Amino acid sequence: MFFQAEVVITPREGVLDTQGKAVEKTLTHLGYKGLDEVRVGKIVKMKLEAEEEKEAQKTIERMCSDLLCNDLIETFKISVREILQ
Amino acid sequence: MFFQAEVVITPREGVLDTQGKAVEKTLTHLGYKGLDEVRVGKIVKMKLEAEEEKEAQKTIERMCSDLLCNDLIETFKISVREILQ
Amino acid sequence: MDYKSAGLSDPEYRRIIEILEREPNPLETQLIGVMWSEHCSYKSTKRLLRTFPSKGKYVLQGQGENAGVVDMGEGWGFAFKVESHNHPSAVAPFQGAATGVGGIIRDIIAMGARPSVSMDGLFFGDPDLKKTQNLSKGIVEGIGAYGNAVGVPIVGGKTFYSPCYTDNPLVNAFSAGFVRLDKMASSQTAKKGDLAVLLGSKTGRDGIAGASFASRELDEDSKSSRPQIQIGDPFEEKLLIECCMDLLAQNLIASMQDMGAAGILSSSSEIAHKSGCGIDITVEKIPLREKGMAPWEIFLSESQERMLLIVEQDKLDPVFAMAAHYGLDCAVVGTMTDSERYRVYEHGELIADLPTSILGDATEVVWPSAEPKDIRERITMNPSSLISAEPERDLLSMISCPNGRSKHEIWEQYDSMVQLHTIDGPGSPVAAVEVPDTARVCVLTMEAEPNKCRTDPYIGASETMALSLRELWITGAEVLGMTNCLNFASPEAPEKFYELEQCVKGLADTCRSLDCPVVSGNVSLYNETSGGQIYPTPLVVTAGLIEDRNKRLASGKAATGDTFYLAGDLCGSLGASRYQVMKNGTPAGKTVAPDHSKEKDFRERALKTAAAGAASSGRAVAGGGLAVALANEAIASEKGISIEINSSVPPEEILFSEGGARAVYAVPEGKEQVFESIWEGFPCTKIGAVSGEDFEWKEMFSIELSKLKKAFLEGCF
Amino acid sequence: MKTAVVVFPGSNCDRDVQRAVCESLKTSVDMVWHEEERFSIQPDLVVLPGGFSYGDYLRSGAMAARSPIIKAVIEHAERGGLVLGICNGFQVLTETKMLPGALLPNTSLTFICRRCHVRVEQTDNKFTYGFKKGEILQFPIAHHEGLFFLPEDELKKLEDSGRVVFRYADPCTGKAGAEYAPNGALNGIAGICSEKGNILGLMPHPERATISHLNGGTDGIRFWDSIAKAFAERGAF
């Protein structure tokens, strides 16, 4: 089976998000009002093959701790859905 | 009304994704198999105030073309949901 | 394929039929169309470029290769070239500028040299406009992102602001590298039976037809017709550098060529044509990043980070092994033949068959030339508008204005020290780097004088060249050669072509009489939009050599006790000077036409001054004139200066006039006599000394050094 | 002192460190490709050089930290061997968790290359043994991600255990701290060491201040001498 996975990686609460702050500032400069808590994160998308959804989910979790996410500064959220090859 | 918005920004189809390429290679090196089309993008999250959902959506769209997204090389997807302040 | 949409004119198309003795098929039409574009063929300027002096005793490789090479001694060659990336940077500032840096680096690799230094020439519009700020931010970040990651230091550059660049920013990327003479590579040494190998990134739909894109003006249409933007991958490029250096060290490459404009097509046809061979290429062997690409897309794709290697059959295995070591894609895509034909096969079928000469030899175009109608107006200036009532204020304005202030906000974003050989980096008028494993120093200047070229293209270009030479002579360097980038508007307008012709003549004449061969270069035309045209902008990068680094005369080294001298005339001209433009808004008046015999005289004395160690610091009088040269010297040396000049000449002339062979020197105690005797018989005046905490000009002003510094560094006072 | 410099794909200060160490310590330096699983000659000092391993994609240092050679580097450190991470090498050390913390983008969100000053905060380790506490050194920096970060409680632990080795400083007043950090580093931290003092990571580039006729200064010469001195007097292991 084939899956499309998405990992959303965001800076942890309490970690300086310089980029988020800069984006918020620039948007405010551009005239946007009422913004708050602008955060900038990363998203990693991929196709992968696995026996079943649970396994795909597990694999992606391992990838996150192996490489994609630094848990000192980031948290992640995974979503996986089956696709046709 | 208050909204939580998320903008997912990904490299356009066909545009070289340098990060995605490098991540895919490293994951493969680390022993992950059956991966394909690894893409790395950005995600911007924010809270904002608006009269209604439609307006919030519109505002975010404008932000994308004003700042968040470079439409030559990136595409974006917006999601907005209402939250309590 | 309609030949017109391939960019070919009626006479060009007729000529093709004549040469082929048949109609070209659609693929062939595309291929020829791109190779005959201005960008690839230099059809409008070839004739002019031939007038450059190309010979010199240090020239190892002149025009016609990927980069020129000069002799740095002790077995080292120095390959260098500058190239424009104007159109791409206007459309996509970050990526356009980044890929400009990457592209010029591959030209250096193609000479077998390890890319060692880069510089960037940036021309931006009105600095007060949001548009300019966005463009310049993107461009500078793009250059930094690529240069920093690929590990080639940016040791200097040029930044110039004028409203004429608002819609047409210019990005000129210079790169250079050192090469052992016995390891020099060439694009002209392929032989029958050798294999054509593609190394590096897979081919995608990036920048297809970018070459023809760069060969016309930017219009509203360019937005929709613009090619898929090229993305630079400095990581891949770094691997490409290391891989190519290793391959060359083991003598595994017979010939090589980078892939720039018109990608596989131009690189493979050039190598075949220049080597006197033919080439057979098999489309399906080319590694692709995307599915469903048509042959013409594959051949014209400008995907970055690719090199074409020509490899002898029995060396293929080690080449593939090396590519694998660096994790680079590598594929045999063709074979060199003796047919002198450029043949493309797809699944066994011959789909294009052209003489290699047709791709290399586009017909030259001769555009009519006419002196601009407003030339009188351009060279007429109104002296009464230039009176300096408040010299102090004027000086502070001059060193804090966008063109006069420090450019550190730009160059601190660049790694200027990686590779551990930078002796003097950005911020110094002349960049200096070590020649590997020697006591020798390679010095470089980048100059452009668009305002002066605007009012008098011939004199302006001459002064640009002369200034860059003076700067090198002052350091004590022997001049080895220069490379240039000619940035102009459309050659199809007779007045614009005139400017181009005159600038080339100015450069060529100056180079010829002052012994500076032209070893490489690049032309960028059609820098105009409906909003306007750029000023003629020839940019020159000149390379020099100092054999003993202890004999180099630096700037910004004035020390306590030093006496200041002005070598050269007291005044130049206010015509098209920074001061004149600041006062009047647009350039007017002529600058001083360089007097070649005087320049030579200056050269001998400047070289002697450095060799004798007769000065502790030296600096050419350039933009902003004498006052700005001294102010810069005070700031860089962190020393107060006191100046006294008794003359009846109006203050603005003394302070701010430009042009002429002139330099300021700080001469240490005990060296005055040596110095004076070197300069005896040349205009030379003692003008002051290092002293106190202020920049003081007797009977004119006295500015605290800290105030001066703030104006220069922060752009306000 | 046998030295090995690890070369990752994209490293670009590897040859610079090699030259700096060769010239100042008069020893030969092994260059070790990241795909090796062990050092062929057991080094005393392993240097993870600066540059852009893997193009700094994803997170700087992240992919290099997963290279085959890293296992050997960890073993070397566990035996007490010296490990020095400069700039990108420091980022690799935090990604491998050999040192605590993370290096976030500079507050300016730009790359910064310039000379800067750091104060030596402690000398009880295998690297700054030859300096006096409080000395100010000038080293160039060149990075985009140099903001040292640790959550508050861990930062306090790091400070309390005296493992901050270099702090950005003002050369005139001798004061050091966050306000002198060009990159926004917490507490102005420029370099830290491991508990045993045998692993050092720092953002500035001592190798760029080693060749006296170049424009980076000469304090790097003393830095290498200091390591040699510590090694001679205290041994590596």
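We call the chains A, B, C and D, going by the order they appear; numbering starts again at 1 in every chain.
The definition used in the following text is that a residue touches a chain if its C-beta (ideal position, glycine included) is under 8 Å from a C-beta of that chain, and two chains touch if they have at least 3 such contacts.
All of these numbers come straight from a predicted model, not from anything done at the bench.
Participant: Starting at subunit A, how many touch steps does it take at minimum to reach subunit C?
Facilitator: 2
Participant: Look at the interfaces B-D and C-D and say which one is made up of more C-beta pairs in contact.
Facilitator: Ranking B-D and C-D by C-beta contacts puts C-D first.
Participant: So how far apart, in whole Å, are subunit C and subunit D when each is placed at the average of its C-alpha atoms?
Facilitator: 36
Participant: Averaging over Cα atoms per chain, report the distance between subunit A and subunit D in Å.
Facilitator: Going by mean C-alpha positions, subunit A sits 30 Å from subunit D.
Participant: Give, as an integer number of Å, the spacing between the C-alpha centres of subunit C and subunit B.
Facilitator: Chain centres of subunit B and subunit C, defined by C-alpha means, are spaced 38 Å apart.
Participant: What parts of subunit A, by residue number, touch at least two of the other chains?
Facilitator: Residues 42, 66-68.
Participant: Which residues does subunit C have that touch at least 2 chains other than itself?
Facilitator: Answer for subunit C, listing residues that touch two or more other chains: 233, 235-236, 327.
Participant: For subunit D, jot down the residues that touch at least 2 other chains.
Facilitator: 54-55, 57-58, 63, 66
Participant: Which residues of subunit D touch subunit B in their complex?
Facilitator: Against subunit B, subunit D makes touches at 54-55, 57-58, 63, 66.
Participant: For the complex, which residues does subunit B have touching subunit C?
Facilitator: Subunit B residues touching subunit C: 14-18, 21-22, 25, 70, 72-73.
Participant: Using the touch rule from the top, collect the residues of subunit D that touch subunit C in their complex.
Facilitator: 9-10, 12-13, 15-16, 19-20, 51-52, 54-57, 110-114, 140, 142, 144, 205, 207-208, 210-211, 213-216
Participant: Touching residues of subunit B toward subunit D in the complex: what are they?
Facilitator: Subunit B reaches subunit D through residues 18-19, 22-23, 26, 29-30, 40.
Participant: Of all residues in subunit B, which touch subunit A in the complex?
Facilitator: 8, 10, 20, 23-24, 26-27, 30, 32-50, 59, 63, 66-68
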